[in-house]
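Look at the two complexes coming up: chain A is in both, with chain B in one and chain C in the other.
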Partner chain A sequence: MYKLIQIELYKIFRRPRTYIAFAAVFSLITIIQFGLKMDGKTYADFMMKDLSSSITIEGNILNGYLVCYIMLQLLLVHVPLLIALIAADMISGEANMGTLRIMLTKPISRTQFMLAKFIASSVYTLLLLVWLAILALFVSMYIFGTDDLFLMKSSYVVLLKNGDIFWRYVGAFCFAAVAMLTVAALGFLLSVFAENSIGPIVATMSVIIFFTILSTLNIPIFNAIKPYLFTTHMNDWKEFFDIQVTENNEAIIGSIQKPEKIVNSILVLLLHIVGFVTAAILVFKKKDILS
Partner chain B sequence: MQSVIQVSGLTKQFNNFTAVNDLSFSVNKGDVYGFLGQNGAGKSTTIRMLLTLIEPTAGNIELFGMNLKTHRKEILQQVGAVVEKPDVYKYLSAYQNVALFAKLSGITVNRTVIMNQLEMVGLAQRANDTVKTFSQGMKQRLGIAIALVHNPQLIVLDEPTNGLDPQGIADIRNLILRLSREMGKTVVVSSHLLSEIEQVATRLLIIDKGKKLIEGAANELFDPSQTIVELTAVDNNDALLRLQNSQWASNLQPQRQQSILLKLHKHQIPQLHKDLVGLDIAVLSLQPRHSLEDYFLQITSGNQHVQAYTN
Partner chain C sequence: MKIYKCISLVALIVVLQTSVFGQDMNALVAKVKAKLDLVNDYEADGKMKTDVAFIKAPLGRVKVYFKKPNKFRLKKEGGISLLPKGGISVNMNSIVGTNDYVAIFSGETVLNNVKVKIVKLLPTNENSDVVLTTMYIDEANLLVKKSTTTTKENGTYDIEMTYGKFANFGLPDKVIFSFNTKDYKLPKGITLEFDDAEKPQTEAQKLKNKKGRVEITYSNYIVNKGINDSVFK
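== the complex of A and B ==
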């Protein structure tokens, strides 16, 4: 099994396509960082225009933590496409190249083959998130420095102390990893049904877009199914940045407002991962290799 | 004789279409087993079932005395295969491909072993080039190197000469003969290029519409007394006249304009050759035509195809 995973990782990282996602993330983050570095004050003033008459904020608002938060909000919506590029290609790409035939004439079980492929695509997903974390968090911290994090929510503002932020990012990235693995598992499942790469990649994104629309629609008839849709839970990494307050409205350092919501979302996402991967293995075990 | 493959009642249905229908055959150790049939006869489906790529609808497959369903891993460790096009990872080099599949086959190989395999198929000089720069023939040979790297006892080659030029076809033929005669491997080779199979196979199975038509030793399947020889002379009319007045008159077949056909025993060909000289016939060519191809067309459903053009 370990050998199979090694082989699958070797194949993923020998393909030029793999590095498109890393290059895309690098380009996007660099551009955003450049823009904020050059014209960040205007951006911060615009963000604060409604509050500037009622509160006064001292210090560096546009610090590395805020820049990272802005980028995560922007990028975590689009990273699924980059993950689908590889995960949705894992089986269909092999079928398209014709290498599935030769692979499956080797003395390996189909279940092991599938698990190795999913683990390899998971490693790719996690490395992409680590890359995102390095660039969006650490490089931003280096360029913009660190300070308290000031976030505007829909009906209130959150101010997190400098020393109470980093662990929240660790939690947010771990949560994002589970969310992105769900996308990888979905792409992986869809790739079993196709013999070209484009179909499953488009199908993965279509499913995500469709479910995301259902998750955000405020129509009562859809409310019953919303808790079961993985897209409803994918953005709950933001919960790490909501803090509990005392009766005097003082922030409780090290707290999260709704930790049970995070746990619930992780469980739903994990169930989806297990479901998608199990379905993919069961379908593949019965599949006739005709390509 | 030790049986390497034993297939009984093998059937595969795709919805309402029966691709392979109650097929039974056996392959003995050391055989070069020719698996023949027209396109769509069920050859590839059968081979894919032997390699666990397709699950049979019914029937039983045993390889090396073990049931394929229950001993898949042990069996596939002893099998090397090229199924149709030998597609490998185009972004990897020939060396990297062989090393990768050797690892998948569960063996640890060093550089010398891999280079020896590439040397055997004539690709040692291109070992470090990416496969995307290879010709079809080179890919085919690389596929065979991959199939052989773990030293399997049984080699399955599905249409190995597809898309190859005459030199490539000759290379594959020589490789098959070498695998069988020098290395003692059992080889199952399917093709619709019947003349190629004829030159290498020791035993044959001919299938049509998924059903077995005939199975047996290659040299027993053809009646040598029914050999057709095609003679082309400088002056065919003059040659025909001379033959009609000779002891070969009864052997003459309905004639074509550009050649003369004689039906005789294969052993009579040397005598015919001598007599043609004696009859002072200026011969341009003398070719036995009763090959496997004639035999094949005779017993398979040739009427489904475009009628042969004769002038």
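== the complex of A and C ==
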């Protein structure tokens, strides 16, 4: 099994397409960091225009933690599309090249073959997230420094102490890993049905875009179906950055406002991963690979 | 004719009484000022608690600096601080530090079991941002227990003070600023939050939410040891 995973990883990282995602993340993050470094104050002033009429805010607001939060907000919506490039190609790519049959002549079960493929695409997904974390968090911390994190939500603001932030990012990235693995699992499932790569990649992207739009639309008729869309749960990494308050409105350091929401979302996403991968294996077991 | 004489007499008494009390109040405020004048400068450590409905913030450690005549600076020890606009820099020294006001007696009341005199200070300087200050003065100890200040730019805010070890200098152990806040709302498109709409607030909640409080509990006052002007820049 280990050898199988190694082979799959070799195949993934031998393709130039794999590095498109890493290059895209690097370019996007660098551009955002450059923009915020050059003209971040204007951006911060614009964000705080409403608040600053009654509250004076002092301190290094545009620090590495906030920059990372801004980037995660923007990128975690789009990274799934980059993951689809690889995950949705895992089986269909082999089918397209006609190598499926040769591979399955080896003494391995189809389940083992599929699991190795999924684990390899998961490794790619996790590496992309680690790359994102290095650039968005650590490089931003280096460029912009660290300080308290001042977050503006739609109906309230949250101030997190410097020492109370890093573990939240660790939690958020772990959550994002589960969310991205869900996307990888979806792409992996769709790749079983096609004989070429384009179809499942576009299909995965379409599902993500369609569900994300439904999740973000604030139209009451769609609110009933939102809890059943995995894209709704993918956004809950933000819950790590909301804090509980006492009766006297004093923030409790080290707390999370709705931990049960995070647990629920992780369970839903894990269920999706298991469901998608199981379905992919079941379909592949019956798949005609002789064509 | 007799009635007119009576009315004139009563009016004269009222005017005289007001004038006498006015003089008393000027004297009382001058005594409070003289007590505060004992302090040329101070720095103090404090814990600041921000209680505004739309702000979730933990307790913060602050350092407060004052230097005559009215230099005041509140610094948070690292981190980001959220302070009510304009109001936090107002302290008793800055209110009674000048002579540009008229003090008017406005009655007596009891605050925290202490009998206090209510004195209204009307600034004589037209350019002053302060429109009116109402002070509740503990005459026996020459301490300002509470003040309500209305400004042109930053609305009205109350300052409540509790005294302890440094009462001799007129320096409070605890100060509570109460101020009005405006509604806070950002479009979800900007914050990129797409959760379900939250429940609408009741009118009572909205009213409560418009009052904000900042509470500073002071410790370790260092009085008259000299402070460099660069601290206030």
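Just so it is clear, the second predicted complex is superposed on the first by the 279 of 291 C-alpha atoms of A that agree within 3 Å, B and C clash if a C-alpha of one lies under 4 Å from a C-alpha of the other, contacts with A are read in each partner's own complex, and residues count from 1 in each chain.
Note that contacts are C-beta pairs under 8 Å (C-beta built on N, C-alpha and C of every residue); 3 or more make two chains touch, one makes a residue touch a chain.
Model, not experiment: these values are computed from the prediction.
Colleague: Counting only touches as set out at the top, which of chain B and chain C does A:Pro16 meet: first, second, both, neither?
Modeller: A:Pro16 sits against chain B, while chain C stays out of touch.
Colleague: Check the residue A:Leu270 against both partner chains and state whether it touches chain B (first), chain C (second), both, or neither.
Modeller: neither
Colleague: So which one touches more of the residues on chain A, chain B or chain C?
Modeller: Touched residues of chain A are more numerous for C.
Colleague: Applying the touch criterion given at the start, work out whether A:Leu126 contacts chain B, chain C, both or neither, answering first, second, both or neither.
Modeller: neither
Colleague: First (chain B), second (chain C), both or neither: which does A:Leu81 touch?
Modeller: Touch status of A:Leu81: no partner.
Colleague: Taking the superposition on A as described, I'd like to know which of chain B and chain C A:Met205 touches: first, second, both or neither.
Modeller: A:Met205 contacts neither chain B nor chain C.
Colleague: Is A:Leu214 in contact with chain B, with chain C, with both, or with neither (first, second, both, neither)?
Modeller: In the superposition, A:Leu214 contacts neither chain B nor chain C.
Colleague: Once bound in the complex, which stretches of chain C touch chain A?
Modeller: So the residues of chain C touching chain A come out as 49, 51-59, 76, 78-86, 88, 179-182, 184-188, 190-194, 196-198, 212.
Colleague: For chain A, which residues count as touching chain C in their complex?
Modeller: Chain A reaches chain C through residues 47, 50-61, 73-74, 147-148, 150, 152-162, 164, 215-218, 223, 226, 235, 238, 242-243, 245, 248-253.
Colleague: For chain B, which residues are in contact with chain A within the complex?
Modeller: Touch list, chain B to chain A: 48, 51-55, 72-77, 79, 81-92, 96, 100-101, 103-106, 143, 146.
Colleague: Which part of chain A faces chain B closely enough to touch in the complex?
Modeller: Against chain B, the touching part of chain A is residues 3-4, 7, 10-11, 14-16, 97-99, 101-109, 286, 288-290.
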